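Two complexes come next, and they have one chain in common, chain A, joined by chain B in the first and chain C in the second.
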Partner chain A sequence: MLLDAPWWIMSDQDAALSPLAVPRIAGPGSGRWPFGRMILEVRLDMPAWKQVVAVACSILIGMFISAVILVASGVPPGELVNEFASNVFDRQSFQAVLVQAAPLILVGIAASIGFRARFWNLGLEGQMVWGGIAATAVTIYHIGPEGLRLPLMALFAMMAGMAWVAIPALLRMKFAVNEIISTLLLNYVATYCLYDLLYGPWKDPKDAFPHSSLYASAERLPDIGHGVNAALPLALVLVLLVFWFAEFSRFGFYLKFIYANPAMGRLVGVPIIPVVWTAVLMSGALAGLGGFLVPSGIAGRLTQGFFEGYGFSGVLIAFLARNNAVAAAIVAVLIAMLFVTGQSFQIFYQIPFSMVQMIQAIIVMCVAASEFFIRHRIRLQR
Partner chain B sequence: MATALELSSITKSFGDFLALDAAHLSVEYGEVHALLGENGAGKSSLMNVAAGLYSPDSGSIEVAGLRCRFIGPRDSMQHGIGMIHQNFKLVKRFTVSENVLLANPRGSFRNGKTAIEREIKEKAETLGFSLDPARRIDRLSIAEQQRVEIIKALVAGARILILDEPTAVLTEGEAQRLLAMVRDIAEGGAAVILVTHKLRDVKTFAHRVTIMRGGKTLATVDPRQTTAEELTTLMVGSHVVTPSRSAKSAGEVSLNVTGLASATVEGHTPLIDATFSVRSGEIYGIAGVGGNGQTELAEALVGGRQPSAGAISIKAPGSPTPSDITAATPLQRRDHGVASVPADRQALGLATRLSIVDNFAIGFVHEGRFGSMALIDRASMRRATQAAVEDFEVQGVRSLWQRAGTLSGGNAQKLILARELSRAPSIIVAHSPTRGLDVRACAAVHARLVAARDAGAAVVLISEDLDEVLGIADRIGVMTRGRIVAEFDAPADRNAVGRAMVDHV
Partner chain C sequence: MRDIVVSWLANLPPLAVPYALASLGLIISERSGVLSLGAEGLMLVGALTGVAAYLSFGGYPLLALVAAMIAGAFVSILFAVLVVLLRVNQVIAGLSLVFFCQGFTNLIGTVANWSNRTISGLHVLPLYPLSELPVVGRVLFTQDVIVYLTIPIFIAVTYFLNRTNMGLRLRAVGENPEAADAAGLSIYLYRFVAVIGGSALVGLAGGYLSVGSAKIWIAGMTSGRGWIAVALVIFARWHPWRALFGALLFGGIEALIPQVAAAGIRVPQYFMLMTPYLATLAVMVWQEVRGRIGSDEPAALGQPYVREERT
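Now for the complex of A and B:
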């Protein structure tokens, strides 16, 4: 049935074309195996604990495959275990993981809140870039008193992220432009804007490298002890805020219907346009804030590649966490471990950092495959 | 006549639910054998066993005297059984011949295609219609798509044809043509099993009928030797009472529709100039053959689609002036007391993947019931849903948090009615509210609509089922080619209404 207003909301069928969709096989089928016949049945339901077990097993399988590849590319098997274990047991590595986790948490919840509104925001990196630029603008033009610098930087970063995501959102709602493509391509636009600034007016006058001048100490996130900066508590507060928004607020209730059946939701009075806008702008704001946390919390300046890898990781975190904010925080910490381990492999064994992305991809594929077993049951019949 | 299919003592359970309880069915070549029963009686389950989709827990299947065991649909197809499902199994973007070829591989794709096209044309000619094998499925009407399904099964060599509720999606005329064609196929020597809950189809077109109730097959009888009352009693177990008509006490005009028109959509007669008014305390039935603008009218009334011309105004009881809602959003209309019971209840009535509680509560959250903007109140949602489920007799609820999609058609509709009617709406737009429901669920839906009318609501009942409109409407408008062409007061003469439905040019 054609209904005219929510046409820009994708139907289930369209969603199946999205990069996050999991293939579904309808109806039972059968195949012949040497030891009898394999019968595939569709499950009506699977208890939650079994689903957790299935996903956990698939993550283990993914990690095993990744381990085999790492060993094949020259990491001694013993070191592999040591490196991962040191994430938890070595104090310095653990600090690095926590520092790394904060921006990952932000992009993870940013992606998940967008996905909940069926807005496939693949432009997290572009929104981060603009968030970083806006925050750095505050430092360069000395906007506001020193005491208010950090909140101002955060605010500017969030506004910039929202502005950048508003472009594809507007294109989709007014002209039905697919946001998967527009958000992704706008990442490149944002990146070249960043390069233009860093190679031009914002180039560091001290060393003439393409990065901004070091932030003043009032513009850097304060240490809260044990080498962890304020980004982590901020991220955790935002996780709770997003969790509340999605699970307990009225807009969150509306979002469930926008995700499950937008045409029906509209007919029973869900105000689709304001709810989707709210979710999309939240997504952009959170990603933009992530673009403030990385330079201010880690490097202390705006660098050329501060955002790299976060966009993909954010999408992946949201997928693994099934768009749940609290789960996203947990997954983000695990991904942060992977990042930190990847960095040390890079230093000690010359393993390229892209290996980290490959491991992420392997785990995603394994989890996507586990969906098949969650939806189907295989029986053998002789 | 030789026995084509013999199902004996078939038992099948899903979890704790016994869907089939030692069911028997014996079908002969050359006959149209109807399988009659309420929704949930086990008709579709039994046919899915015959088609190899379900493997029975116990019981035996014999095709032409030979005992068989089906592991999958392909096995059953090899034994000459073809099933036409209620939801067609066609790839919409493929052509007719590609769809037939997909189900019946013939060597290489290119050679297969020419061969299959010839076969399709031959089969279509024998059945007495023409079909272009090169047309895409999504360009065909529902009736034509159904013919493609039948041809697909015949090309596969089906000698036993199972049609699951084939007339549910068709208009009256299309249904008659289909059933006549099916009878021809049977008289050509095939066995046809017609799964239905329409008594009239059974009486006119079936040679024999088997009645099912609660997973059991009760009896096999000759429909011409059996009265409709006897069949109904077998089907539902007890007499079903039709809602009694109360004295008319219609109030002032509550809904006014003038000159409503909709934009042209391919393949549909749009609304051209619909004008009518409905008073509070009356059911205004809109009768007509499907596809004459009813869908567009329903959508325009509830705000699903903007009309291209015309006006809709409503007058709330007590307010001095009517308000224009032509351009209002569905949300604004709900605030004005409009309730909607859509025809496509799975797609537009419920979010099938969400829980029963969610599906009930969504109708009320924006009014501020069930908590504030900041915090929704799940406990009170659950309590209100529990009360509504009991009040509206929604059955099959194991847990209020189960997905709404697990409810059967009748119970899903009761849940929708619970959401829409417990707000005491002043205007109710119900489009085909009993389509696909069994007799008992139909009666429950009608009783609810009548009760809402008696409580002072203005009810617009859009239905392609003339008996339904004649049965409960206080006034009847006949819709043809996008216009209300005639109006009748109840009790209306069936023939006069029927003539108005087809006579108008």
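Now for the complex of A and C:
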């Protein structure tokens, strides 16, 4: 066993148990390495501050790799620093970041509540699309009095998001269909539904572009001052609600049980199916609401690609925030900076907007890899 | 009517090949216990590399396809390091691989100006005497070289998995890594090689998509075919020949889309484009209703192997 294992993966346990360990017999793969032998052991615990340092270092490494790629594809390094700094120091960019943050917060908490129930909701984009479609339907068919228009749009968007997530949830509960694939596939279906509407009946009659006509002013989220609209406070209230719900309510307690050990949960009487359903539907409703915030809070109309980039961002936010709603809000603001920077790079350097996804993916990989070093210790043995 | 059916059948194999090769590649890596959700991204890498190699090295389509294979294998090393060595959650790693590849190929394609340029690509190679047969000649023997090669590739992989010692060990690693480890197999080595080898086929599938059938690179051109291939593997219960059957089914559905319009049936365009995804869902439901009997799902699929945590 000792001779066979790659040298970098040998554990203390093997070294101790194997009769070959004490007098080291040279064999294939166990030669003398110039720097001694690497031993891997599982850490039982790591102080919180060390974990934070490890994660922060991996994020920095990820950002460095991303920066190298961007510079290689033609962004002057000075501009790169400038753009990111202006997100914080430039008033206008900072407003853009805050406006951008609200829908990202929503998809982030939507993903995290789904993950807490061990449901991989990767259909955030599809649920956003349907949320946007439902909200726009309210504006197009003038449903309800003008004063109630915004709450109605939000309500419709949430219902639509719930309905769309109910399909993969039902498939999973009734037929054990893997939700990772079904939610992803349904994103494509939702997108084609959106195209069918925007290239068909909902096309803007004024300019014949594939987007809906502009929302009336009563259908746009009101400004609350400093160029920031009502989406942000709404998102923050929801963050607190979800946080309370997931951390302090009975429901949240059940969710923790289901996350940790579903079989055990069933034995002690946790109502697994209703709890999972509630969490999944909440996830869909929040994503649908995000689909209402983008057209109503940012673009002012339903556009072809309004949902792009949010799906993976939601997953990333939930992953980095470890499914904690408050942490998700903070991460979402950082991701919003990336979005705003990505938009300006798209305009100034013709860098495709999907570079935002690329950077996020690099950061996720680095952080995920850092978990290895949090959970394991590598020692050199001479 | 007969013309429509014949042209539908003749268009079917080139559309089925990407599904077939991608799901075959996925079967190899999943049989070793690694859940490869990154297929969509690897196909994009293969597709871009195929066009890039075609444009840069003087237009040899076969060279372009080999480059696509190498690129798929190369990028998958990153994935293999993450999931096999660093034991990252395979879903998270696979997803981030897809989104990394989506962004990266889009960026490279734009910066290097490889996007939206039509190429003449892989040519049809009629197998002369056979290609003159009435219907069969056009459907089966007037295709390109990759279509012909697909069947031998399937035979080789099936033989490898079922009839060779290496294949048996590979499956053992996916079924019961503890026992395989105790029997002296290197879990890490087998999984590494399986991921890289499987990803080469996925890269070939992507390269064929751009060089063989679309003859152009467009950002995000795989449009979910990688995910469908992942679903096909489940549908095929990890058996290569059933995957080929599923690939033909989906190739058939895709080939039907232009034929429906040609036949003058009025169906909204975007609803037609949805059919492969809806069909995938239907197939997955059907698969689950039938039950998992006869399924060869590797028992250790998706679980990182940690010898230090062995019980």
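We take it that the second predicted complex is superposed on the first by the 349 of 382 C-alpha atoms of A that agree within 3 Å, B and C clash if a C-alpha of one lies under 4 Å from a C-alpha of the other, contacts with A are read in each partner's own complex, and residues count from 1 in each chain.
Here is the rule we go by: a residue touches a chain if its C-beta (ideal position, glycine included) is under 8 Å from a C-beta of that chain, and two chains touch if they have at least 3 such contacts.
These numbers were taken from a predicted model, which means no experiment stands behind them.
Looking at the shared chain after the overlay, A:Phe312 reaches chain C, while chain B stays out of its contact range. Legend: residue contacts after superposition of the two complexes on their common chain; A:Ala260 is shown touching chain B, with no touch to chain C. In the superposed pair of complexes, A:Tyr195 makes contact with chain C only, with no contact to chain B. In the superposition on chain A, A:Val356 contacts chain C only, with no contact to chain B. Shared-chain residue A:Ile39: touches chain B; no touch with chain C. After overlaying the two complexes on the shared chain, residue contacts for A:Pro271 are found with chain B alone; chain C is out of touch.
Considering which of chain B and chain C touches more of chain A, the answer is C.
Within chain A, the residues touched by chain B in the first complex and by chain C in the second are 1, 4-5. Partner chain C is touched in their complex by these residues of chain A: 1, 4-6, 8-9, 11, 13-14, 40-42, 69, 73-74, 120, 122, 171, 175-178, 180-182, 184-186, 188-189, 192-193, 195-196, 199-200, 312, 315, 319, 350-352, 354-362, 364-365, 368-369, 371-372, 376. Residue ranges of chain A in contact with chain B, taken from their complex: 1-5, 27-30, 37, 39, 44, 248-254, 256-257, 260-261, 263-271, 381. Chain C contributes residues 37, 78, 82, 85-89, 91-93, 95-100, 102-104, 106-108, 110-111, 181-182, 184-186, 188-189, 219-220, 223-224, 227-228, 230-231, 234, 268-271, 273-274, 277-278, 280-281, 284-285, 288-289, 306-309 to its touches with chain A in the complex.
On the side of chain B, the complex with chain A involves touching residues 14, 53, 55, 71-72, 265, 295, 299, 302-306, 329-331, 334, 340, 342, 344, 347-354, 358, 361-363, 365-366, 371-376, 406, 419.
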